[in-house]
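Consider the two complexes below, in which chain A is the common component and chain B and chain C are the respective partners.
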Partner chain A sequence: MRQMVKQMGFVFNVDLCFGCMACEIACRNENQTDSTVRWRKVSRLTDDTFLSVSCNHCNSPECFRVCPENAFTKRGDGIVQINSDLCTGCGLCIEACPYGAPQYDPVTQKASKCQMCYPRQDRGLPPACVESCSTEALTFVDLNTFCDKKIVGSIPGFPDTRLTNPSIAFYPATERKRYFLK
Partner chain B sequence: MEIYRHACPRNCFSTCGMLSYIEDGKLVKVSGDAKHGYNQGRLCAKGYAYTQYVYNPYRLKHPIRQTPRGSGNWKRITWEEAYDCIADKILELNERYGSNLASGYNKFSGNIGLLHYAVEGMFNSIGPHTKPVGNPCLITGEQAMRKSFGQMNRMMPEKMAEMNAIVIWGANPAVTNVHQMKFILQARQKGAKLIVIDPIFTRTAATADIFIQINPGTDRWLALGVAKLLIESNMYDEEFVRNQTVNWEEFHQYVTEQVDLHEVCRETGISLDVLCELLSIYSMPKPCATWIGFGIQRNENGGQNISAINTLAMLGCQSGQENRCVYYSHSGIDDFPVNLLNHEGPVHPIVQHSREIDINNFAENASKLVEPPLKFLWIALRNPLSQDQDFQAWESLMKELELIVTVDLFMTKTAEMSDLVLPAASHFEEMDVNVSYWHHWLSINEKAISPYYEAKSDLQIARELMEKLNERFPGFSNFPSEREPIDWIREELTPSVKKLYSIESIDDLLESPRLRGEEGKNLSSSAFKFRLFSEENTDTSTYSMNREKTDVEESYPFQLLTPQSLLKIHSQYEAMPWLNQGAEQAVVELSEYAAEKRGILEGDKVELFNPNGKIAAIARISRFLPQKVILVNQAGKNPINRLIAHKPQENPGKSSMNFYDSSVNIRKWCETNG
Partner chain C sequence: MDLVESTFFVPDYLHDLLVASEKGLKGICAELASILSLPVIITDPLFNHLAAAQLVNNVEINYIDNQQEEIIGEKPLVVNCQFTSNGVPINGICSAILLDGRLRGYLFIQIGEDAAEKIARIYSIIAYASSLCTLELRKRLELKQERQQFKEAFIYDLLYGNMKQKNEIISYGNIWGWDFTQSHTIIVFSLIDFDYYSEDQKHIDSLFYLIERVLIESNLKPIAMKKRGEIVVIYQLLGEEMETNESVIKEFIQRVKIQAEIMDRNNRMATGIGRESSNPEELYKSYQEAKVAYEVGLLLNIHTPFFNGLGLERILYKHDLQDVKEYYDHTLGKLEKHDQVHGGELMHTLEFYAANQYDITKTADALFLHRNTLRYRFKKVEEILDKKLDDMNVRLNITAAFKIKQLRKI
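Showing the complex of A and B:
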């Protein structure tokens, strides 16, 4: 895929996330998605860490590749969009995505997914999930220009990134001391 | 699109500033209010689900009546019919008994906006009646804080961000006070250490640099043990002790003679090297915050636990007491007249006062009332059949009641057992003003949308019902029904409140929430005297470290803990599919030890039981739970509080409910058990 002018992506700081799920519900509040549709998902990564993940707006999106209707497009800022007019709800993208990003919507009978709140971004606002994150565990940057030696491309528990080259970066967890009762 | 300003009115630390987005009279979205300095433009998961709360298919639309009670045979009635039915009963009871003492209410924290004291105001306005007193939640701790410090501390929680260490005892802000976490993690990012002490490996504990697991209810031993180490190693603040404590010698003697470190380790389950780790935190000559959670005081030693932790926090840190902060709660409401709560009703020729019942033992005490017995009960902002204790007492009380009215937004367990249920407005549908019991911000709550169907606010119901009573019996109530919500709010903004919050009028609050100014005096003033831990100011001096096992402990060897869960507050938010979908089945968390002893596997259906009853649940086995602790979420279809019943407390109205002093047993579910 050609190099985008920009590649907007999420940066997730494992140390700052405590699994409050504000981002997941803020996404629903913004997009008023059906109760079964989870564009963003918060889950437990390890005993003491959480992961918040949505569509990663990959550099090589599998959804894009497998869709028979060519319903997916990638914008100049790297956001992967789905055109619901073209989607037939065949579910190939749902099976193909390593991150579970496209979701089957039983109401529209089509796939839908995180579009990184591009209408908000076009108005200069951050995505709803980023705005909701009280500790700034979840931020978003242009990964083409973002540079920080502390970030890593993946963390244990995150799906294999080699296939799709997702637009997400991580600050890994720091070491913690635990004194459990014997 | 119209935008309105709100305050989230839940019984929660954060009391968030909130904005609503209204299109064609409908709430389409919410957001945090960026002008609110505590939540800073963000909400929690529950807050972001408010569109589902307001337009929830399970929300009550109309007044309804059930005959007979508990049958589920509900019929829609008009508000007129509802008011007539209630007024009939109040007037008839008044005639029968010569006063309104047979009429009473039970109300707590379903909405903590100041105008929701309309319930109290309404009952006050008919003269002496039967009312609850006390506080199930946090009053034990408040009493202990006042004993230690002489007053409630007034530290701004935002200041936690500037600390070098934060020690959290028995609080779980990652679940119950999400917005505090940013201040904590800001400090942590600047190099502060976060230490969490808790029997449960909570989400907050997971975030901590150091997690110390402790046997439940034994916090005072840990605090006294570390205090002993501080004193023995001469790392305490001698100047503070000399100038600003009142009972140093007594305390010193107590710690020297009575606190044995081996016993401390045995009682708390914590080893000496971990005590030393805590010593190094508390002896650090840098700002250190101690946060005492409400969980600490949900047992019979609550007051002692808090007194001991306060003592440790104040002794340590040699560089002066301005570096020591102890957080518990903020009594923001004390600045306000709270006119509805304090509304003075008409004088009765014979009965001088209302009858007061400890809210923590309401049902049992109410059942015992005679001359007259309690016959009419109004329940608002509360769901006792899910959240109170001693359901059996509630069940027998209800048999004696001739009329039960519940005001709520949803068909709660309590509403199901009422005769009349009146639909309550959400905070988007009424005006209010809110302060927090944690942070120092004052917020207005605007009315953004018309009430959902026929829902009404507690204040509106009070206005109309009292008017109805006066039509039937002129002068029966002195409730000022003509007064609008905004009039009540204006009266709350007294000259001293305006000064404290730097506002001139209500318009300033419509522009932005306002921060309470800091008073000049603080803990470093020379007048301040601190009371160190002493046995005489403890609740139960007979408490022994080596308790003998009683029969109850043999038969019900597990301690039941029922903390808050992330996506509910008590029994609120259960009906939001975004939050609690598929959470129908109760889940019980048990230790690997308990699972092995009882032959229980992950996912098994189990039965939790004690003499108060039993509940069925699905087993989840936790590697991190203390061996003899069982954890169950509150509320649900078969609320866990059915297993909680406590003896009357010694200080009515002055102690919180000891929810965590409950013992249970567990076994695999067997149909024949049922």
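Showing the complex of A and C:
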């Protein structure tokens, strides 16, 4: 039977992330990727804010559009998957993605990307990156039903979302009331 | 009758109405008309008849007395309204049918002369019938949502090319009476500046209902789904020639637009149309194209943007941002800098020149300038850019650079 249409997506709270990189390490550990392949990347936005980004499983994925082998599919739950059997490693998806999600794997000589840990999700578990986030800065929800007036579609430092309509939402940085002395 | 008995007494006509509600809106309509001995009409929010009883002639609803905001309160008000029956205006009363605080239809009773007087006397039975209609509409809606879930999963797979077998698509489509042996195209509808956390989601729901209605009126079985802020329609094309199909699609969109404006005066609907596909496996391409046409249409103010009708824009829109910025700077950067330093209008003049197909007379008319003034300015542009404006390749580069600017890439 066909499953109900969902759009699973990440929600990132800028205030809660302190750049520990646990999500990035958990992703690498779960998927056993090569040391040069970063499906999830944590980068510094400003002096005290960070951004953790992986594939955003876009509504209009560019990788899906440009792939000459039709190796990409979008599952009913919104996860964009790559079929490595069809991938020839041409690199078009790597160039097209505004978020740098597909990565070239030198071992397999093909493109690979975050698959939102769908085997874990099928077992009822959250993606490894979400589970590893100790401050709950990174969560994941069904964006078709999730509703919170505080969230925004993009934050400064995040690439233009107009083209691909990514499945990520943000709690933007708020003005801090307390500072820790360094 | 003692006090307890009179307190809990349920009149026969209420019981009859409740029993009649088993037969749906038609049952409620017929029973209410028989109790009141007056014609009754139940419509959707667009005044399309859902059920009617005891009508002598065709009835058109002209206006409802109160503003919509007053009708849609916590408790539906019963207000005056006016119909036209066989060209003759007739007074009536109307009650809104609300479901979860949203307008789902109207209950009209044709009364005649003394409408205001009668409202007070039959108010409570109309409110009761209106509540029964709400229950019936809720039942319908739940059933429809249940069915829609399966349809949506199928349409979703079509839109993302997850179904690779043509025969499988055709046989699945047959379940709902959709003929995928015919050509189809994708039409995307959305609201400009859609805000998920405002009332916009309700507007999308109403628009979805309206689109389904217009498709049914066009004798087409609606293949449509809502996807967050957009409505995707897989439109069946019956003609073979592209021009005929385009005019049919334009007419369909125009009808939706007119109806949407009736429903909501501040309607912000925009649309995009992909290319025709005779192979249902490749409908996902048409969907991607429709979304590009939608975005480009918004940027260039095209009312009904067909992907087929987009020229250079469709390449520039998707092209790498850094690359197009460099191209723009390389082509017009010097001129832009000159204008900034000297406060000139050379960029503006050149833009008009390009928009008027490099025709000096047309540009002079458009800018209210003398042709010689224009010639002087173009000479200056040629000096700054160090290029000849009558060279075809230079013109092509300038046109492309202005298109990049229009597409807000800069």
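In this text, the second predicted complex is superposed on the first by the 172 of 182 C-alpha atoms of A that agree within 3 Å, B and C clash if a C-alpha of one lies under 4 Å from a C-alpha of the other, contacts with A are read in each partner's own complex, and residues count from 1 in each chain.
Convention: a contact is a pair of C-beta atoms (placed from the backbone, for glycine too) under 8 Å apart; a residue touches a chain by one contact, two chains touch by 3 or more.
Predicted model, so just to flag it, every value in this text is computed and none were measured.
Student: Based on the superposition on chain A, does the combination of chain B and chain C result in a clash or a fit?
Tutor: fit
Student: On the chain A superposition, what angle, as a multiple of 10 degrees, is formed at chain A by the C-alpha centres of chain B and chain C?
Tutor: About 150 degrees, rounded to the nearest 10.
Student: Is the number of chain A residues in contact higher for chain B or for chain C?
Tutor: Of chain B and chain C, the partner in contact with more residues of chain A is B.
Student: After superposition on the shared chain, which partner residues are touched by A:Arg65: those of chain B (first), chain C (second), both, or neither?
Tutor: A:Arg65 sits against chain C, while chain B stays out of touch.
Student: Taking the superposition on A as described, I'd like to know which of chain B and chain C A:Ser132 touches: first, second, both or neither.
Tutor: After superposition on chain A, A:Ser132 lies in contact with chain B alone.
Student: Is A:Gly19 touching anything from chain B or chain C once the two structures are fitted on A? First, second, both or neither.
Tutor: first
Student: Taking the superposition on A as described, I'd like to know which of chain B and chain C A:Arg176 touches: first, second, both or neither.
Tutor: first
Student: Report for A:Asn144: first if it touches chain B alone, second if chain C alone, otherwise both or neither.
Tutor: Only chain C is touched by A:Asn144; chain B is not.
Student: Shortest C-alpha to C-alpha distance from chain B to chain C once the two structures are superposed, in angstrom?
Tutor: Superposition on chain A places chain B and chain C at a least C-alpha distance of 23 Å.
Student: Share the list of chain A residues that count as touching for chain B in one structure and for chain C in the other.
Tutor: After superposing on chain A, no chain A residue contacts both chain B and chain C.
Student: Which residues of chain A touch chain C in the complex?
Tutor: 2-5, 7, 59-60, 64-65, 70, 73-76, 95, 143-144, 147-149, 160, 162-163
Student: Note which residues of chain B are touching chain A in the complex, please.
Tutor: Residue positions touching the partner: 28-32, 39-51, 174-175, 178-179, 181-182, 185, 188-189, 201, 203-215, 269-271, 274, 277, 566-567, 577-579, 581, 623-624, 626-627.
Student: Please name which positions on chain A make contact with chain B in the complex.
Tutor: It is residues 15-16, 18-22, 24-26, 28-30, 32, 35-36, 47-49, 131-136, 174, 176-182 of chain A that touch chain B.
Student: Give every residue of chain C touching chain A within the complex, in rising order.
Tutor: Answer in residue numbers: 149-150, 152-154, 156-157, 160-162, 196-197, 225, 227-228, 288, 291, 295, 318, 320-321.
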